[in-house]
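In the two complexes that follow, subunit A is the common piece, with subunit B as its partner first and subunit C second.
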Partner chain A sequence: MLKSEDIVRRFGAKTAVDHVTLSLEAGHVYAMLGPNGSGKTTWMKMAAALMKPTEGRMLFQGAPVSVESRRHVAYMSTEPYFYSWMTVRDAGRYYDDFFEDFSMSHYEELLRDMELEMSMKTRTLSSGMAAKLKIALTLARDAQVYMLDEPFNGIDLLARDQIRACILREATPEKLLLLSSHLVEEMEAIADRAVFIRQGKLIEVCDLEQLREQRQQSMADRYREIYGHAEVAQ
Partner chain B sequence: MKFDPMVPIWLQVATALKQEIVTGYLPPGGKMPGGRDLALQYGINPNTAARIYQELEREGLCATRRGMGTYVTEDTERIQRLRTEMARAAMDRFLSDLRGLGLSGAEAVQLLETEVQNHAEE
Partner chain C sequence: MKALLKYEFRKTWFAKLIFLGITAVAEIAFLIGIALGPAHETGERLVTIGALVLFMVAMFGVFIIGVQSVLTLHRDMNTKQGYMLYMTPRTSYQILGAKTLENGLSILLSGAFFFLLGFLDITLLFSRFGTLQQLWDFFQDMLHAINKEITLNTQTILCLTVSFLASWLATVSMAYLADILSSALLNGKRFNGIITFLIFILLSVLLGWLQDVLQPARVAIDAGLLIRGGVSLAFSVLLYCASAWIMDRYLSV
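This part shows the complex of A and B:
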């Protein structure tokens, strides 16, 4: 569904994504892993058609990504993106205007699950609540691809359960979900495949149940093996 | 449910479901949650949930009726056998633990009898 062919992105002398060929299929939840600066966000931004590759191609359903593919690809960046004057309702309306596939009723459901209210001012939200709002806005779209960059950042333990449940509800055979997070443990049970990236290069894509069955390893174990003990966040 | 991330998730949930079948919490012929519901209930990937039903079906513990959902087997003998299998596995773990402590079979039996009596008195 989403495929990068020998894709490269350079920023000046630095190569953020280095000849990555990666094909992601519908019906799976992928965890994209790697230390800071390994190129996860850059790859996602190219997949969301928000950034152009220096070399190579990014394809959605076999065609190069574009303004058109953006209508089917929902991307949540790590940056905050609502104006301080907005209420939770305003943020929803803003999205509703912007994306054809945004569903106000689905948004309401997600807000209920995440314990947020329409009348809340975005300015007064705690960092955890603001993070949940971003997720609700993204998942309220009826897209084919959902890419969530660091959905568990700044979110307490209990709220992470809510987020995992909301993510799982979107995981249908027709959709592709891609999550990046340093909180590897949070994704062990909800993801079924992991994509490991290091210094802009693709290391491997693996099936998590196979990893457990054949190597008696968790995703976190494999992470430690690939990146070395010092780099694992708890 | 808290998972051990080093053990296949499907196996952990399948074991939990088997326990529910053995105890009758999921009665013979009873309807089991759909694949998606199972995924949400346990907080697991839907593909993992599908795998669980494949395995339970393969073991003759449940059957999927097209368009109707998945049901626990009505074969009570099969369920009885499952109970024995699970009890045996628990005994194996128990005995290997005691062997690890250097206890002989006879000592293990003696200890177990004492413990069973203590539990009964409580």
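This part shows the complex of A and C:
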């Protein structure tokens, strides 16, 4: 469904994504893992057609990602991005105006689950509330691909539970969910596949059940194995 | 496009509302002054202050609408709020088109509004303050003595307004292009600011040169003003196409 072919993205002398070939399929929840600066956000932005690759191709349903693919790919950035004048209701209306697959009633449901009110001003929301709002807006779309960049960033345990429950509700066989996070244990409860990236390079894509059965390893164990060794080597 | 336009207007409505508020207060003061008449000292004072404020708002209002539009584009390309625009299924041509259209319409509508308001206020002023009509005639005669072709009538003022608004729209379009080049191609490079500024200056010089070249040598003042305005508008269209093309190919948010 979503595929990168030998994709490269450079920022001056720095290579953020280095010849990554990766294919993600519908019906799975992928955890994209890696330390800060490993290229997770850059890869996601290229998949969301927000950033142009320096080399290689990013494909959605076999065609290069474009303005058209944004109709079916819902991307949530890690930083809050709302206009300062917006209320929670305005943000919903904005999505409703631009995305045909956005459902206002689903948005209202998600807001109820997240304990957010329509009249709240986005500029006065705490970081946890803003994160919940971003998730509600993104998941209220009936997209084919959801990419959530650091959905658990800066939020407390209870809010994380709410977010996790909402994300799991959206995971259906027709949809592809891709989440990036530093909270590996948190991701273990949601994802069924993991993508490990280090210094812009793809290290491994693994099925978590197979990992548990064949190598008797959890995702966190594998994470420690990959990045722990790298840190020692460095 | 409708949704994009709606939100472009929404981003700039607050400043416009402030200008409208100031205009309303100044106009009320002006009208009270007119009603009190020339015999009344407060009336004269109110007319003077009202007219002065209206003139200032007309001049700065159009100027600030353009500057605000460039600042909004800059924010949309260089801050996180840019996601609101670029994650939507809209092309760079549509996004920039909505911005240009909103800015052009705002400049045009505010220009037309102040032109009409000025016309009505001046007509009202002359009907109540007869001595001003003599002053105006004297001013006209003086201009005529300098150059026989110059007659300051409604038509010439209208042509001047159109030419001024078109030039300002072209200036804003030049600032758009310079800012887009800076954000999309020169971002993070050395001398980005200086290069951007030089590009803006170069484009301004190019527009001036085009206006001079394309205006026939012997042409009436009104026609000359309209030709210059037309060149500015055509130049704005070219700048829009170039800017959107660069955004489409090179801009990353």
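Structure notes:
One rule holds for everything that comes next: the second predicted complex is superposed on the first by the 228 of 234 C-alpha atoms of A that agree within 3 Å, B and C clash if a C-alpha of one lies under 4 Å from a C-alpha of the other, contacts with A are read in each partner's own complex, and residues count from 1 in each chain.
In this text, contacts are C-beta pairs under 8 Å (C-beta built on N, C-alpha and C of every residue); 3 or more make two chains touch, one makes a residue touch a chain.
Being a predicted model, the structure only gives us computed values, none of them experimental.
Using the contact criterion defined above for the overlaid structures, shared-chain residue A:Ser103 touches neither subunit B nor subunit C, since it reaches no partner.
Of the two partner chains, neither subunit B nor subunit C is touched by A:Gln199.
Judged by the touch definition given at the top, the superposed model places A:Leu50 against subunit C, while subunit B stays out of reach.
In the superposition on chain A, contact is made by A:Arg70 with subunit C only, not with subunit B. Contacts of A:Gln162 after superposition: neither subunit B nor subunit C is touched.
In the superposition on chain A, contact of A:Gln217 is made with subunit B only, not with subunit C.
By the touch criterion stated above, A:Phe11 is placed in contact with subunit C alone, subunit B being left untouched. Shared-chain residue A:Thr172: touches subunit B; no touch with subunit C. Shared interface residues of subunit A (contacting subunit B in one complex, subunit C in the other): none. On the subunit B side of its complex with subunit A, the touching residues are 3, 5-10, 36, 39-40, 42-48, 51. Against subunit B, in their complex, subunit A makes its touches with residues 27-29, 161, 164-165, 168-169, 171-173, 185, 188-192, 208-209, 212-213, 216-221.
In the complex of the two chains, the subunit A residues touching subunit C come out as 11-12, 45, 48, 50-52, 67-68, 70-71, 75, 77, 79-83, 85, 94, 97-99. Contact residues of subunit C toward subunit A in the complex are 3, 6-7, 10-11, 14, 80-84, 86-91, 188, 249-250, 252-253.
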